[in-house]
Amino acid sequence: MERAYRLVISCPDQVGIVAAVSDFIASHQGWITEAHHYSDPDSQWFFMRYVVRASSLPFGEQGFRERFNPIAERYAMRWSLTDTGSNKRVVLMASKQAHCLSDLLYRWRSGELKFDIPCVLSNHDELRDYVEWHGIPYHHLPVNKDDKAPHFAAVSQAIADAGADAVVLARYMQILPPDLCQRYPSSIINIHHSFLPSFVGAKPYHQASARGVKLIGATCHYVTSDLDAGPIIEQDVVRVNHHNRVEDMVSLGKDVEKTVLARGLRYHLEDRVMVHGNKTIVFA
Amino acid sequence: MERAYRLVISCPDQVGIVAAVSDFIASHQGWITEAHHYSDPDSQWFFMRYVVRASSLPFGEQGFRERFNPIAERYAMRWSLTDTGSNKRVVLMASKQAHCLSDLLYRWRSGELKFDIPCVLSNHDELRDYVEWHGIPYHHLPVNKDDKAPHFAAVSQAIADAGADAVVLARYMQILPPDLCQRYPSSIINIHHSFLPSFVGAKPYHQASARGVKLIGATCHYVTSDLDAGPIIEQDVVRVNHHNRVEDMVSLGKDVEKTVLARGLRYHLEDRVMVHGNKTIVFA
Amino acid sequence: MERAYRLVISCPDQVGIVAAVSDFIASHQGWITEAHHYSDPDSQWFFMRYVVRASSLPFGEQGFRERFNPIAERYAMRWSLTDTGSNKRVVLMASKQAHCLSDLLYRWRSGELKFDIPCVLSNHDELRDYVEWHGIPYHHLPVNKDDKAPHFAAVSQAIADAGADAVVLARYMQILPPDLCQRYPSSIINIHHSFLPSFVGAKPYHQASARGVKLIGATCHYVTSDLDAGPIIEQDVVRVNHHNRVEDMVSLGKDVEKTVLARGLRYHLEDRVMVHGNKTIVFA
Amino acid sequence: MERAYRLVISCPDQVGIVAAVSDFIASHQGWITEAHHYSDPDSQWFFMRYVVRASSLPFGEQGFRERFNPIAERYAMRWSLTDTGSNKRVVLMASKQAHCLSDLLYRWRSGELKFDIPCVLSNHDELRDYVEWHGIPYHHLPVNKDDKAPHFAAVSQAIADAGADAVVLARYMQILPPDLCQRYPSSIINIHHSFLPSFVGAKPYHQASARGVKLIGATCHYVTSDLDAGPIIEQDVVRVNHHNRVEDMVSLGKDVEKTVLARGLRYHLEDRVMVHGNKTIVFA
């Protein structure tokens, strides 16, 4: 894949935004390879994502920023520019269950997903060998049930030390404290093992089994201080029937969790997700 | 399809049930064309459904019942025997929206689903022409918002007069009173336009849109006096994205509602659904 | 829904197309409510679809065309402009099976799909009553097995007389002659009852059953003179198992056929489908 | 999970089979925890699978076999009895692509799938480190393009040496010679990266892209000497659109391949798959 810039914009909707942006790109002979727009009719807010070949432009990232800034100001844009040549740094957090972590590590080492993993954090030591085999540092940060503050302080420090752009909770079973959630808005990605908003909280497969649903699911969402209620990035489901006990649901659900988390993370890594209120626009 | 008997049984699990039932059938040269069993490990309760060719047996329905009764008593069975040659009588109830009703009427007139429709009940008069074109009586039973009791009395009377085996709420938008629900246990089938238990109650597509889910669904369930909480028979979902406004969800959802209701009703008509607590075993 | 213009464009890809088009719209204060782009990297061909609020523009359809024409010529565009206020005229063709036809007629009469039906053509007379109940003319055009030419001449004439923009083969079981296919490129829509390219030709459910597949499907595609090989608009599948005989597959498949055809037709009616070689771009 | 016996039977259908088998189990106080039957109406062939708690029976595997044999002979049964306490030995074969192999190894080491892996065979050396990290022997058996016979002789020998019950081709890219296929009927499991029978043979994603399909899939099937035409165990699909190039299809398809292969292998390991002609009965 050729190096490119991803230009992601949101702003109040008005006539002329697309013209202004595409004029700017065209006037510099920029070659647009992907273009997505969305205009939210309720909030009158506008969203766009352009991918422009780096080699088609006569300037680099800094030059792009400087020249684009006046347009951004004219339309009161929130915007970001990303160089596809540099990877996002993503801290992975897990507990004892390895299915999501294993799956992400495979996608990372095979190059299927392009990102850097400065470290893996866990409140248990079980997954150390497997992570270290990949040459990735593993930090075991135990939790004291009666006082979780030291654990979260250590987590917070480790994330900061890692210079992380994003954090993935790959079936990390602790609830992050509000201040940590707020420090990384739209940057902490969780996989919840139910089709939210069904079965918020603990043991969703037990809840699903008790309710007798015919499909179970998983939800990839950004973490906010409101438990399991952050903006949803991706969801999927799988069929179950009366033969499937809770253990079977856990097993069937793992496949959905892995796939949904991987899709959600890919969207995030490629700057395809834009948060608007408590919802997401995903330019998939 | 050749005439057959459907024998449906539930009882406390113990050694020898299958042997006793299959011995009975075999001793009379009965030809089993379908056989399903399920043994619930938590409640230690057993469920089975056999389909036996009528022509292979030396006795009719009455003879079957008499001869089988001692076995049923020995194992404390709840059981039913159905002759596939006689149709269930199903009262359809609707409001103004016709998608589910139209779909069921098509399946009825094409013979895809085999059942009798003694009448259609509605709190509005809009669908009269279409229903009557099919030669089916249409009863318009208006609702007085301030006093719904007369409406439900009329509904109740109409169901009784129709000699109904089952009632289908094909997007009938009123909540049935508890006593009516209790009079027809596991016999009133509703289609709810969400993936329950998400979005119980009114305007589920509005709720879904507000929450920003990536899949919307529909749920076919038996009605109990607990709103939208009865045993689930069938569910399905369809993908939505940020482009889809509430109106689009309503439109996309209709296709899921129709399909899920039709599947659920078919299971019911073919005696494939067994209620166990608040869950169903569906021998699909 | 407010009246709008749909501007659909394809042309060789080059720098500046989006800028030119969006400049044009913006310079006339046009309010873009939907925008889709696609740049095909292999063929270097570019596709776009804009929806612009009619009330935001100072000119009507004719004025739009005249003013836009120079831009279209500069970029060698193939383009169309559609006023959402006027419906496409779609001739429906069916045989004896009514599931797809019934479904489309419901969507038409409920306003779920917005189009005009000048007439229904069929090689059988079975569906006359149902169609005529809707107030739609029904033409029975019988087929002589030994000489089908007169039938197709009559079909051809009826389509021409109807001033049709599109034709839907709603399980019409005859193969259209090549010259008729070629007269209406990307305008004759067929629903094939298999997941193409599996099971081309006659009796696909029998073929599926013989092969023992675990999913069956349906395909909505434009008709070309190459049987079942035209550009695919939409597909979907449903799970089957060893219990499902050919008859069950036929029944399960009908639900997929209806849904897939309705989706494909909606995309076509809303000018969301662009044909490129033997493939489609669907701006869904 | 408690130890149990799986009794799997197929025989010509006739009255009394279920009675005979269930009588036998009941007469020894056997506790049936799962029971599946299927009677194929076309071939008049009967299939059943019982799971019986080992602790409920007064005899072991050998005793079971001896006592059951007369019944098996009376009904001309093909039958097998498996003790869930002993694992099947499954040789995994791969090439360079690791997604399926990695996924299976995860399921193996986490205990999600219960089987033994005597060795991994590959025509390349790339995956050695990863496999050996698991403590599993890795045999690199290179292929000489001009004379593949020595490779297949080595493969054949390695499978025999491993005492394998089954072989999984986890994206092993060579076509096995007919004599090897025939030596292990219904025991060599392949994952084909298309929704068969679409896109048989090489480069199915390229074929899918060229045809412009809207769903791509994967098929898990038993290998026969007829390429990609063996009995299908499991299939699934994922949606694609015009944005997805061949590379994207490869990437999206991998997730389907992994899931479909894992499901198919699980069915095989649990003796849920019965081959009948070129089709499977899967008691899922």
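Residue numbering begins at 1 within each chain, and the chains themselves are lettered A, B, C and D in the order written.
We take it that a contact is a pair of C-beta atoms (placed from the backbone, for glycine too) under 8 Å apart; a residue touches a chain by one contact, two chains touch by 3 or more.
Because the structure is a prediction, the values reported are computed rather than measured.
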**Request:** Pick out whichever of the two, B-C or A-C, is joined by more C-beta pairs in contact.
**Result:** A-C
**Request:** With chain centres defined as mean CA positions, report which chain is farthest from chain C.
**Result:** D
**Prompt:** Once you find the CA centre of chain B and the CA centre of chain C, what distance in Å lies between them?
**Reply:** 36
**Prompt:** Approximately how many whole Å separate the CA-defined centres of chain C and chain D?
**Reply:** 41
**Asked** In chain D, what residues contact two or more other chains?
**Response** 34, 41, 243
**Message:** Per the contact definition, I'd like the list of chain C residues that touch chain A in the complex.
**Reply:** 15-16, 18-20, 22-23, 25-27, 29-37, 39, 41, 56, 239
**Asked** Inside the complex, what are the residues of chain D that reach chain C?
**Response** 38, 40-42, 195-199, 211-215, 217, 231-237, 241-243, 245, 278-282, 284
**Message:** Which residues of chain A touch chain D once you look at their complex with the stated criterion?
**Reply:** 34, 98-99, 102-103, 106, 110, 112, 133, 243, 251, 254-255, 259, 262
